[in-house]
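The same chain A turns up in both complexes below, where it pairs with chain B and then with chain C.
Moving on to the complex of A and B:
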């Protein structure tokens, strides 16, 4: 039933914002922002359930927990960036939205660098044993 | 298809060597009629040093050289076969249990990667799905490289041990033939043995290093979305297989070796078992040619003590061979299992480890055959110049 709630909330916010746009366009933006944050709370509660399951699975995985938490952080960053950039685009400021997206991608890249280093280290040891 | 033929050939060679040598039956008959008291004669030989070396090579096994020789002399093939069967089963089971643990880890990681990648597709434009896949793939690559490294260590250690055995034997051999005085005849044998040692070195140092690089390139290839390294990896793989076969062919084709083996090939060519093996469709020709060569070599090592030496060679070389075979089959099976749920690059990486293990097994098998030929030539030389 929460799916219906979120759906109706989104549609109602969009319809009201359309009405307010002709009167005061900035109030439409604030309304969209508020609706976005409210829907984000619902999303985070759903992600919590998924993360609990993933945490249980990570106990069986033969990798360091640091790498698994890196992957989960990447999902969190991607969602946050997508929400913020989307709101900026809706407000008509696509340049700021682009900047936010670029920052998000660079953050994801910097998070994955330790894994790249671990791979390079393994390759170095692997080749040294043979050659 | 060719790989299957070689496996079938090697397995049949081992079986024919143990059960198909007509000399065993003759030796048994001769012993029971002419030498009822071979125990006393056997007591004159000191096997202490030999037993010590065998214990180093086969620490967990109860086989002793003297027991094997006595069983062969007595014609007690049932007990002998039972012991060999138990030994093979021990190695097979041990490797299955060990390999299962690492295979399970690879399976979990690949499946978790697939789940995560599909989950991250909820964000269509941010590229997090791709980034997440790359991170998971790199973690999988680290795990696969460490697994394959252990397989290479098994093959290299075994090949190095065989090479050391050959190297240790050569100076003694040269001294003996020099003392014997028939240097001209011995020179050709020495060249053959040196050639065999050189090819063994090639297998141990050059080809196994090449196989490492080949598997590494195939795993790294999966990081790219397009086929960037396919031609390079194919070329390297074919080159390694050709080099291994060429080395072995050079050793066997060398004239002196041929002149040693051909007389025995004529004897065994008409052999019933070889004819029956040759009738098997698909692999018959391969089995026949490998069996002819192997039986020719085995025929050189005639007496029971020599046969026991062959048995020890088989026992020592069977361990790594079975380990590499089990690993190869296990990772190919794993790739097949992952194909419906994982990305094709992940499946390719796991299959690369399987291919690498099977190629290592092939190279190691050829190394064992070279060692057998080495021993055969040395025995023949002692027989002819002694």
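Moving on to the complex of A and C:
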């Protein structure tokens, strides 16, 4: 099962990276970057299976396609940002990681604004009829 | 594909560090630097296609 390979991959990379960090520090960073990318391959394939099932569920529900695709975008952005920020933090540059995270949050916020506006529109319509 | 990449990078790292030590002790500073640069380029040559493929997959998967 992939669980084994991901676990062993992580441990092997960490052990080699600690060894290399003492000898030549930049190779420790390359190793952790490579391991992060490889584990991300497995995660993305797991995401694929989950999203397939999610798509089937939303087809039966009366949910508008736009909201589901926005939700998917948000998940994708959140995952990529978390991956890249984590790698930057590991390399020791938390300032860059903070920048990436702030950008990610603002992107997700800007994606969610249309949905909020749609909600406010419906509320506004109800209020108009009520008064 | 997966774990062999990790071992290849570790091997290049150890090789470069040994070479740099030898070159430093024999007085050739700039060649030591060139060796570490070559090691960096080799590792990047291996890792960059994976990075590109990963972000391509993410883009297709989440319709970003």
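As a working rule, the second predicted complex is superposed on the first by the 131 of 131 C-alpha atoms of A that agree within 3 Å, B and C clash if a C-alpha of one lies under 4 Å from a C-alpha of the other, contacts with A are read in each partner's own complex, and residues count from 1 in each chain.
One rule holds in what follows: contacts are C-beta pairs under 8 Å (C-beta built on N, C-alpha and C of every residue); 3 or more make two chains touch, one makes a residue touch a chain.
What you are looking at is a predicted structure, and each value in this text was computed from that prediction instead of being measured.
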item	value
Contacts of A:23 with chain B and chain C, given as first, second, both or neither	second
Which superposed partner A:14 touches (first chain B, second chain C, both, neither)	neither
First, second, both or neither for A:31, with chain B first and chain C second	second
Chain B versus chain C as contact partner of A:79, first or second or both or neither	both
Which of chain B and chain C A:126 touches, first, second, both or neither	first
Which of chain B and chain C A:48 touches, first, second, both or neither	second
Touched partner set for A:105, first chain B, second chain C, both or neither	first
On chain A, positions contacted by chain B and by chain C	75, 77, 79
Contact footprint of chain A on chain B as seen in their complex	105, 108-109, 112, 116, 119-120, 123, 125-128, 131-132, 134-136, 138-139, 141-143, 145-146, 149, 152-153, 208-209, 212-213, 216, 220
Chain B-facing residues of chain A, complex	50, 54, 57-58, 60-63, 67, 70-71, 74-75, 77-79, 81-82, 101, 104-105, 108-109, 112, 115-116, 118-119, 122-123, 125-127, 129-131
Contacting residues of chain C [partner chain A, same complex]	2-3, 5-7, 9-10, 12-14, 16-17, 20, 36, 39-40, 43, 46-47, 50-51, 53-55, 57-59, 61-64
In the complex, chain A residues that touch chain C	5, 8-9, 12-13, 16, 19-20, 23-24, 26-28, 30-31, 33-35, 37-38, 40-41, 44, 47-48, 51, 69, 72-73, 75-77, 79-80
